[in-house]
Each structure stands twice: as structure tokens, then as C-alpha cells.
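Two complexes, one shared chain (chain A), two partners (chain B, chain C).
So, the complex of A and B:
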């Protein structure tokens, strides 16, 4: 048998080992990539969730200024945890709209009184239709919509303190 | 106390393995002398004691699980006092640490068994083999003791445990992992034999005869384990059916393919002293595939629906072991195989030639499964996320399986050394005729679905006819047991293939939203939803649908699919109801209710699907008969020598 050929299994294995080792040493990327990122916001028109605040339609986005779209519910515990960070974002001048999923006006009002109200508009999504159209699988989730009405980023799960700076950057650069 | 005893036994077993390795290494360095004989004589008992100690350690783990000793971290994390006894027992290996201890236990028992039972191999090769076995065991002992101690205690015992994943609370857990592990780790014996033979350059018929029963034994367990796992995945909803090409499934298939190839090539080596280098390489590859599978599953580098103990930090440790053992064995192969004398050669058309074809085709399938399984990692290294699934595997492997089956039709009818094409043509005419008639009948009478499944059915029928040919015109009482073994195993392949092809060609599915009282029809059955009622189990509550079913004018029978809610940990599982008939299975699943009082019902009629696992059991049975036949025949001269 050829002297070099018999090293083939060893070399093949070494190559495999190298590949797997580099892959293992790389930090795992757990970012959820939405298929909608880069696409225009899907069309929806939701009635107001509260009598004293306007409802939300996709046509309200894409008017030159980037906005944040927060999908939340008063019955959701991580939404309480992210509420102060949404308030911070609002203080930084970020405009935030919301979709309230499977909720009632009374519960939403109580939630906003207790945890602060960062929202300009709240759409009432009784059957999760808009939520599903957005490709959002749970609450809370936050979308950054740029000035042309396209989805720039999808943040799955609650916003934590260390996410705030990144979100502000994304909003500022999304014209 | 029990946990500490288990840990102590584990440390002592590790010490035995170290001793075994050192003694073997020192002994093999010298060529003759009294010390050598003494060293060699001591290696066997040490291996046996090591095997006993790991068994004791594993028994201790079972004991703490049975007693629900919540002060042991592993028990607290994976068990619950309200769990049925069977799952307390089987739960011992339903987690990372416990399953690694099971792995090491099988490794230790295998080493002890070689020391106790192997008397045919040359003494030096045997000692080298035991040394290699000890080296493998040491790495896994280090892994257990340093990174995954199963006996770690908690300072403060919790009131109760966190429970076992409800998906694992199934009788399958008691059977499937242990058989699979015996198979995986049993292949370590073949690996150690190969390393031992390379160290002493002693590759020949004696080596092949000594290795064959071990390979056969491991392969039988592997076959049973995969068959059991396939059936479990089939009736457990959400696991993708009887075969899903999931990385964990592929991880078990790859060693099986390598072991199947090895099983056939070792026969060539034992009978005709051919394929020396190839057989040694396959023995190395078979266990390498077991270890690679363990690594892929445990490191979390690939995503799987069957992975229950993923921890990337541990991946590095297993990877280091992999580099050491597989890399070492392959380097040893490359350095030494040139110095092993070439064995006998043979004609192209001969039994040997047919077995080479078998090995080539099995290797191609193994290569395809390996590429398909690893490709997501390769792609991810270049920045693309993708997954490889059934469409790839079905398209690439399906046709090669058909070629393999065609080769299998002819193979056992070809004589050793050399044969005539014209003579062979006369022998294969009956199976080919059977396949052609079957194909014609299927095209005429069966609803056409896919070419591959039609051909699969026709080939299966041809193979079924061909597989009994070795018994044709023979005195059935005088045919050796291993010939029966071969016939039954090959028949099992035909039966299994028929099941797979039938499932993909003829399965019918219905998804309906039914109110109580609504009739539904599926295949030859009429189904009526009679009612939904709550049920309660030992550690779950649930909803049970009552379906009354009638086939034609036959007697009515009842099926009860369930939804179960487990509290520890909180999970909902769907328990399918399955009615088995001779010609197939009716499979019913209860889904969610809608707002109008209707219930989602999913029904399948799967003709002859049971053949898949029946074939698997037949293959394993054939292996067992063959193993008994070989052991009987080879024991005789040994006994005669001893008592002459």
C-alpha cells in the first residue's frame, strides 16, 4: 500500500478535529434572526387599547422618524421587568408604540399606572393577529422600525439594562 | 454513605485501570523473563477487579436513585419522590453524569469480560488489548471524576427533587439507553483488539476469530438499541417518527454501519485471511464513531430533539479524549500497518469480492451520513446557518441502500475464492423473478406514490426470497447455526425494508376537528369520538379521548389517546394510542380543543409499519444465532486441548 495513503484516515480525522474545535471554541450565537428584518412592516390596523390613547396601524410608521414597537401584555412578568428600561429609552427621546396582546383596558391601565407609561400609542391585539403577522412568538418582544417603515431589528424577550445602549444606537442609526 | 461508597469504588476502579495500563506497558516493552510472566499473569485479575468495582459504583448510583436520596445533587436535579419506581431506577441514566457512569461501567465490564473469557488470542496481543482498554477507560474515569461526578452531595438536601423530564418517563428509558450503550461501548473491545494487534503486529485469522464474537455481541445490542429507540421515537409524539435523520439518530447509525461492515470483513479475515488492514481500520472506525456520536450529542454542537444532557463546557473534555484515542489509533495504524504482512488475495467474483462490495457500499452510506451530519458545522464555520434533513438523506442514501440490497441478494450465493458468472446467474434467477413480479403487481394495483418506495418493496421481496437460498436443498438439521443466523438476519433486512417502503408508500393521514359523536373515516376504519374525560396517574393528570373504531363489519374496539400534564417539571405530553393489527397500525393523537367544543384529532393508518421493528428484531436474532453457532464451534477444539 502507498506509504502516504495510509496516513489518510489520520489526516481526515485531524481535519475534522480542527473544524470541530474551532466551532466549539466560538461563542454560541443565540440571536434569533427574524426573516422580517430588512422587510417593510406587515400591514395591520388595531383599535385603541385604551379610550384616551390612539390605536396603532402599520401606516403610522415610516414617516421619516425611527420608532420602537413593543409587543407586551399586562399579564406578562418579564414585561414588568423591562418596563423601567422602556422608560429610560423614552427619556432618551426614543418614540415607543405598543401592541397589547390578549389584554383588557382595565388591566392595561393598572399596569401602566404601576410601572410607567412609555407608549405614544397602544394597539389592541385581542387574538394575537398582529403579533403573529410580525413573526413574534411571545411577549415581550421589541422591534426597531426605521424612518422608511422597515423592520431593522427584532429583540426577543425582555429588554435588560445592558440592551438599552445598543437599542438607542440602533434607533439613532435607523433613518 | 452509599454515595460515598460509590465514589470510592469509582476512584479504586480508576486506580485499577491505571495499574492495568502501566503493567501492560512495562510487560510489552520487555521480550522475555520471569517478571514478564508475572506481569502478564497479573493483568487479567486487575482487569476483572476493575470491572467489578465499576459495577459496584453503578449499583450505588441506582441505590441512591431508588431511595430518592435528595442530598445527592444528581438525584435532586433529576428525580422526584412521587415518580414510579421504574423511572427512579431508569432515571439513574436519564442524565449526563449517570449515563457517563453507565458508559464507564460497560467499559469496565467489557474489559473484565475480555480478561475472563478470552483464551484464544496470543498472550502478548491480549495484554496489549487489555492495556488499550484500560487507556480508554482512564480517560472516561478522568472525565467523570474531574468534570461530572455523579455522587456530588448537597450541603442542604431539598425537600424534594426537580423531577425527570416527562418525555423520558417511559418504559423505553429502561431498555433503550442501556442496550445502545452496551453496543457503543462493546465496540471499544474491537477497538482495543485492533490496537493490541497493531502493537504486536499480530493481525491474522486467530485475531479475527477472537475479535468476531465481541463485534457480533456489540452489534446485536446496537441493533436492538436502535430498533427500540426507533419505536420509542415513533410512538412519542414530537420526536419526528421512526427515523428522522436527527443528529442523535445518526450518531447511533454510524457505529452500526461501521460495525455491520466490520462484522462482514472480519469473516473474510477469519475464513480466508484477507482484508487485514481494512478490518483493523474498520475496528478503529467503529468505536471512533461511537465516541464521535457521544461528543456531537453531549457538546451541543449540533441541535437535536433527543439531546437531554447538553453542556458545551464538557464538549472540550470529550474532544480531548477523542483526539487522544482516535488520533492515537489512526497514527498507530499508519505507522504499523505497513509492517503487517499482506493477507491472501482473491478473485473479483467470489464471496470475498461480494463482501468487499458490501463493505464499500456500507462505507459510502457511512460517509454520506457523516457528511450530512457534520455539514451544518462546516457551513457554520463559513458563516451560514443551515440544517440537513430527510430530503438529503433519502435522496442520497435510498438508492445506495437499493444497490446494497441487490448485492445482498447475490452475495451469500457466491462461493469463496472464485465462482462462475454463468453459475451465479442460474442461482439469482428466482429472487429476480420474484422482485419483477412484485414490481409489476405494485404498479398495476397499488396507488403510485414514489419510485423509491415502490422499488424498495420490490427489492425487499426479492431479498426475502434470496435470503433463504443458503438453506435451499440442504439438510435443515445439519446446517450450522451460524448459517441460520445469516439467513434470519438477511431476512430481517428484507422485512425491515418492506416496512419502511410500505410506510412511505401507503400511509394515510387525517387531521379533523371533531365534536363528541362525530364519525371520521381513515383507511379501512370508521372512527367515532365517544367522549373526553379526565384521568389521573401517579405523577400526572390528564385528558383521555374515547374512540370507538370499527373495521368493515368487524368487532368494535376502543382507543384512548391522552394528553398528560406533569407537575414536576411542568410539561404537557401527548400520549398517542396505537392499535396494532397484522397488516399495520392505527395511530391516534388527541390535540387541543377549539372554542366550539371540537377536539383536534390526528389519525394515521400505517400499513405494515411494524415490519420495520420486526425486521430489526430479526436482524438481532440472526446475530444472536450466529454468535451462539460460532462460540459452539470454536469452543470445541479449545475444550479438547484443555481436557485431552
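So, the complex of A and C:
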């Protein structure tokens, strides 16, 4: 019995070494995801970011139709890259609202003129209040809100061409 | 052209990821009441900056951290307890946002393991002392 027991520390050490080796070889995922996915959209109310477009409040969601909620900023470079794909989503009939983080009307207008305007409403989030309420960790980020006002999916980072089909599917199944 | 490319390559990414807006009210301004400011400061030191990830929001210059400081100070000023504010953030970002993780199935070994090891040590000590006396 004792003869076998003497190997126990060695086996424990080998196990620990194996654990460390596998974890080290696996690429780390540092994305901080919102803990609100699957839960109702938190309450927020933002004034209009542009004078000719309505602002955004959480009460505007959950009216029976799913919507996309895009968190963006005119000063954000990946937002430029995802702009054409948001336009594609809009052409496919997806309704998109936006939260403009730490932005000014002039800069937003210039951004939309240059890269297209897929948004029905844009809320002005000067101190990231709505962004923090959503559990969003940066720009750009896109939330899919279903017809009952529940967050069904969070897409962290820019939308790429190969994300579009999946997002359309999620929106269509999120009644 | 080549020179421009090099210049762009040398510009740190963070230079792009900053808005031109001034910091939020209370992001870098202390609360008038020293007791409440101390309460807010203590809380800020135990909340993780979501963007920089290795720093607390009290230490970080990131815009999101400054907006989180503003949120903490405003809520403390409005009479909310630090525990409540922490709970609000954990509900949004998960336990990752706090440097003071709550007791859960995942963190329980951190607290229980030292007690178990201490118990084991005492047991080993007792048996070996008994053996020596004999």
C-alpha cells in the first residue's frame, strides 16, 4: 500500500503540469461579455443624438418586433469597417437602433454621411451611462433584442461579412 | 506615401479609440463630502476597468473607466451603498468586474482549501508527535 502511495505526489505534480500546459497552449479569450444576455433590456432613456432623428429609450423595444441595438461612435475605427454590413442588414429588413457613445452631433452626421445611415433612432450617450447599463465593454457592439424586449444575443466587436447571415437568422427567430 | 504608412503603423491603436469629449462630471472630481469620497474611492479601487482589464477604475486613464468612476461617485452621492453598486455592475459584467469576488461554487476552494490544508497539517503533526513519544 505505502509503496504505491509514494507515487501520489508525483502523479499530482504531473497532473498539474498537464493542466498548465494545456491551458497555456489554448489561446486566451479576453472578451468581457454582458451578463444580461437572456434577460430583459435594462431601463435607459437617451436624448436624440441628431436633431432630425428620435432618441432612444428601452421602452421602445419589445413592441412585438425584434430589433438590433448597435453601440457605436464616430471616433471608433472598427465602426467604419462594420458600417457597410449594417447597411446590408438594413436592406434585408432588419430594424436597427443605435447608441452613440461619447459623441457630438457634427461628428455623428459626418460619420453617417460618409459611411451610410442604417439607424432608425440614435440615442446620445455622453457619459456611457446606457453602455454601462447594458454591460457593453466597448464599441462597436451589437445586441439583438426580441419582440418581448429581451436581449437574445450580444455581438462583441465589429460585424464582418460572414456575421451578417447569422445575425439575420437570430433576428428572424427572435419574435 | 511610404512615410505616411509608417506613421500610421506607429500610431498607437488607443489614439484612435478616444473620443474628443471631456471627462464626465465626477470622473476626476472628488465628492464634496470627504466621508462619501472615501467610500467611493474604496469601491473604485476594487472595481476592474473593463477596457484595460489589469487595472482598477481608480488607476485607469481609459474613458470607460472615467465614466465608471463618475457612475460610482454619482450613486454614492445619491446615497446608494457600495455593496449595491457592486451588485449592479456584477449583474452586467459578471464577477470579472470586481476584485473582491463573492463566494460561489467556483471561488469556494480558495477559502476552503487553506482550512483543509491546515487541518491536514495538524493531523499529520499529531500522528508524528504521538509516534515520537512512544
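FYI, the second predicted complex is superposed on the first by the 142 of 175 C-alpha atoms of A that agree within 3 Å, B and C clash if a C-alpha of one lies under 4 Å from a C-alpha of the other, contacts with A are read in each partner's own complex, and residues count from 1 in each chain.
Note that in this section a contact is a pair of C-beta atoms (placed from the backbone, for glycine too) under 8 Å apart; a residue touches a chain by one contact, two chains touch by 3 or more.
Fair warning: this is a prediction, and the values are worked out from it, not measured in the lab.
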Partner, of chain C and chain B, that touches more residues belonging to chain A: C
Touching partner for A:113 - first (chain B), second (chain C), both, neither: neither
Intersection of chain A interface sets (partners chain B, chain C): 33
Chain B partner contacts - residues on chain A that touch it in the complex: 1, 3, 6-7, 9-10, 13-14, 16-17, 19-24, 28, 33
Sites on chain C touched by chain A in the complex: 16-21, 24-25, 50-51, 53, 63-64, 67-68, 70-71, 89-94, 96-97
Complex contact set, residues of chain B against chain A: 277, 281, 284-285, 288, 295, 299-301, 312, 315-316, 319, 322-323, 326-327, 330-331, 333-334, 337-338, 374, 377-378, 380-381, 385
Of chain A, residues touching chain C in the complex: 30, 32-36, 42, 73, 75-77, 101-104, 107, 126-129, 131-135, 137-138
